[in-house]
Structure formats: structure tokens, C-alpha cells
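Order of writing sets the chain letters: A, B and C. Residues in each chain are counted from 1.
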């Protein structure tokens, strides 16, 4: 993050902490797309991802006075979203997840390569969806949010080595699942 | 060298690559030699590279179906049900446990025949008594209370009910 | 003779614990899964909560028959509650133990049932070793109990 961006974000957070409506709206506008991507990868359902984004912002903005302005906002939001997402996964009673509508291949649009890429992503998402909640969150945070194992550990309150072991196992599971199906 | 250690080596080296296809070049000699002679591990390494390529595309942005700003702002105006409910639930539970304990304890002193008959039935059945030398009754009760309150407080803090 | 006795203890213990674990996965899969995640994420916390409960139980058992029926009933209720927490968290903890053992033995791809059985055998084996093994077994059971007691949802 550039120093100028950091200054802007600090000013934005301070304004939001004062309760200024435009600042609150700006925070939502800036981060909703990436949180939605995280939610849809973690939960495998666009509608649940929307609920997750909304819950995350409500929890974060309500607790904004506890947030130290000047620290990056995104990791904090990701932490809240991940923990809420894990709660949603735990309370979900093995309900079959809806397909990711925006990721479904549409044969009429785009070249063949694009359709193939979308199908591949959908297969991958289906395989990720078979992982247990915590390994799934680890995979999503590591690849979707590009976090290191130490950063993932900080979000999930796990040691770096525990994250590495879980990631190793998750990759092996995905490899055997995708290798067997292809 | 076992297949398992080669698979571990594959994953460790995959972490540091800029592109998964660079994996083969990064492997140490012993792992490369093993791959040449082991078709199963070779297959696994191809699968792993292909998987890694796909996983690294998970960060691709897809368009959001709707703008959630208005929804979030509306939800912010509503009162906080979840936090209040969980805090309330904790104190309700604590109060219920305390009340039931007090009632049970007090009922042992009430001279109401059916209740006394019930207690007689219960007192016929006994739990093993533990002899802890040098521990008075009040100290043991205080110890038990401290442990239970401590466990409840830690549980409350760690389980995020606050 | 003693070897035979030890083998019998180990076998019966392992089969009993494994059956409890497998039954738990069938009856309360949600609780078992939650327990495994909890023990994976916070072993220390589970151990601390479990040890505090065990200590409280010891103190309570030291005063039971000096306090008449009411206190006895309370202790019994506490015991039943602890047993319930232990029973529902046991499957998750066993499968975690089994998976850890599996990865040590170069078998990271154990399914849940096998991992639970491996975990049960590990627990029964540890119980055969005097002192250190018993201490480990107590710690394991305390962590399991703490894992069950450490409930609630994760908050922000």
C-alpha cells in the first residue's frame, strides 16, 4: 500500500469513526467486491456471500471505534469476514450449495478457451467445497487473498506450521479429487 | 527416498515459485532422480502443477451482482440484535444455573414430606469421596468456585460470546 | 500373564474408545466436526478449560458427603455435564489425533473413520505407559473435555 493511499485510508477511517455517512459508504464501496469474492469462494454460494458481506460490514462498522486508524483496514475486514464465514459454514447443515451463477460457463458468450477456463474454475470450486471449513478457509485466504501462511495463521488463530500442514493436506485432497475426476 | 518425502518436497518448492511450471527446475537432485524413476510421483507432480495453476486463479475478480452499500447502510440503522442477544444469553444461563443451585440447596432444609422422601432416595446413592489432605471444606468449595468461574470467564472470552 | 492382561486392557480400551468415537461421528457429526476444528485451532485453550473443569471436579468430590444430598446432586449433575461434553468432543479429538499420527507415519490421507480408530488406539496405547502415559492421557481427556466445553460461536 502506498503512503498516500495509507493517508487517505486513515482519513477515511477517522471520518467514519466520527460517524460521517459518506465515509462509511466509501468504505463499503471500496471493499465490497473483494469481500464478496472471498465470501463466494469460501461459501460457494453467491447469495450467502452477499449475506456474509453485509454482516461483515455491519459488524466492522459497528465496531469501528475499536479499530486503530492508520492500520490497514483490509486485513481487519478479511479477518471478520473469514470468522463470520466459518460460523456460517458450521451452522449450515450440509445444505447443498448453489452453483456459482456468475462462474457458470455460458457457451454463447466468449471464445472456447474462456468457457474452458470457467469450467475448470467451477470444477476447482466444487472440489474446494468438499474440504472441511478450516482447510477451505486456509486455501481461500492463501490463494484468493494472496496471504502468506503466517498471515493466514493470524486470521485463524493458528500457528504458521499448523497452517502449512493443513495447506499441504488440502492440496493433496484437491489433487487426488481433481486428478481422479479428470 | 520415500514417495512421501518427494511429495512434501514438491509442495515446499511450489510455494516459492513465481509460476508453477518452474517447479521442476527448483527441485533438488535427489527429488529429480526419484521423479525420473517413479511414474506415480511424476503424475502427482503434474497434477500438483496443474492444481497450483488453477488455485492461483482463484484471486481473479468476478463482477459483484449488486451494490450492497444501501443494504449495509440500512442494516446499520437497525439495533444490534446479535451482540445483545449473546451477552443476554450468557447472563441468563448463569442466573438460571445459580437459581437452580440455590433452590436445590435450600430444598434440603424444607420440611415437606414428599421432598424429604425424594432426598432420602437420593442420599442413599453416593458419589466417591476424595480425601485431599490439608484441605478444609470451605477451601475446597472456594477452590471449586474459582475454577468454575475462571473456566466460564475464559470460555466466554475465547468462544467470542461477548 | 501380565503381558496378556496388558494386551487385553489395550485391546478392550482401544475397541471401546474407537466404538464411542465412531458412534459419535454417526450421532453428532456437527459437534464432532466443530470439536475437531476447535482442537486443531486452539489446543492450549482446550487444555486450560479442561484442566480447570477437572480441578473443580476434584474439589467438589472432596466436599460431596459433607454437604448432604443437594451438593451431591449438584456434583452428579456436573459429572453428567462433563461426561456429555467429553462424549461429544471425543470423536473430533480422536480423528485429529489419528490424523496427526497418520501424518507422522507418512499416511496423511486417512479418512475420518480410520483416523478415529487410529486415534483410539493411540489413546489406549498411551494409557498403558505408567506415569508419563497416564499424565498424557489425563491431559488428553482434559483437552477433550475442554474442547467440548469451549463452545459458542467465533465472533469478530
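Everything that follows uses one rule, which is that a contact is a pair of C-beta atoms (placed from the backbone, for glycine too) under 8 Å apart; a residue touches a chain by one contact, two chains touch by 3 or more.
These figures come from a predicted structure and were not determined experimentally.
Enquirer: Can you tell me which chain lies farthest from subunit A, using the average of the Cα atoms as each chain's centre?
Expert: The chain farthest from subunit A, judged by C-alpha centres, is C.
Enquirer: By C-alpha centroid distance to the whole-protein centroid, which chain wins?
Expert: B
Enquirer: From the C-alpha centre of subunit A to that of subunit C, how far is it in Å?
Expert: Chain centres of subunit A and subunit C, defined by C-alpha means, are spaced 33 Å apart.
Enquirer: Could you state the distance in Å from the CA-based centre of subunit B to that of subunit C?
Expert: Each chain's C-alpha centroid was found; their separation is 15 Å.
Enquirer: Provide the C-alpha centroid distance between subunit A and subunit B, rounded to the nearest whole angstrom.
Expert: Here the centre of subunit B sits 20 Å away from the centre of subunit A.
Enquirer: Counting only residues that touch at least two other chains, what does the list for subunit A look like?
Expert: 83, 168, 172
Enquirer: Two-or-more-chain contact residues of subunit B, please, as numbers and ranges.
Expert: 160 - these are the residues of subunit B that touch more than one other chain.
Enquirer: For subunit C, write out the residues touching at least two other chains, lowest number first.
Expert: In subunit C, residues 42, 108, 153-156 touch at least two other chains, as defined above.
Enquirer: Could you pull out which subunit B residues touch subunit C in their complex?
Expert: 2, 4, 86, 101, 104-105, 107-108, 119, 122-123, 126-132, 135, 137, 140-141, 143-144, 147-148, 150-151, 154-156, 158-162
Enquirer: So in the complex, which bits of subunit B are touching subunit A?
Expert: Those in contact with subunit A are residues 7-8, 11, 43-44, 47-48, 50-52, 54-69, 71-73, 75-76, 80, 160.
Enquirer: For a test of understanding, state which residues of subunit A touch subunit C in their complex under the given definition.
Expert: Result: residues 59-60, 63, 79-80, 83-84, 86-87, 90-91, 93, 132-134, 156-158, 162, 165-166, 168-169, 172-173, 176 of subunit A touch subunit C.
Enquirer: What part of subunit C is in contact with subunit B in the complex they form?
Expert: Interface residues on the subunit C side: 42, 45, 48-49, 52-53, 55-56, 58-76, 79, 106, 108, 149-156.
Enquirer: Spell out the residues on subunit A that touch subunit B in their complex, using ranges where they run on.
Expert: The contact residues of subunit A facing subunit B are 21, 24-25, 28-29, 32-34, 36-37, 40-41, 46, 50, 53-54, 57-58, 61-62, 83, 101-103, 117, 120-121, 124, 139-140, 143-146, 168, 171-172, 174-175, 178-179.
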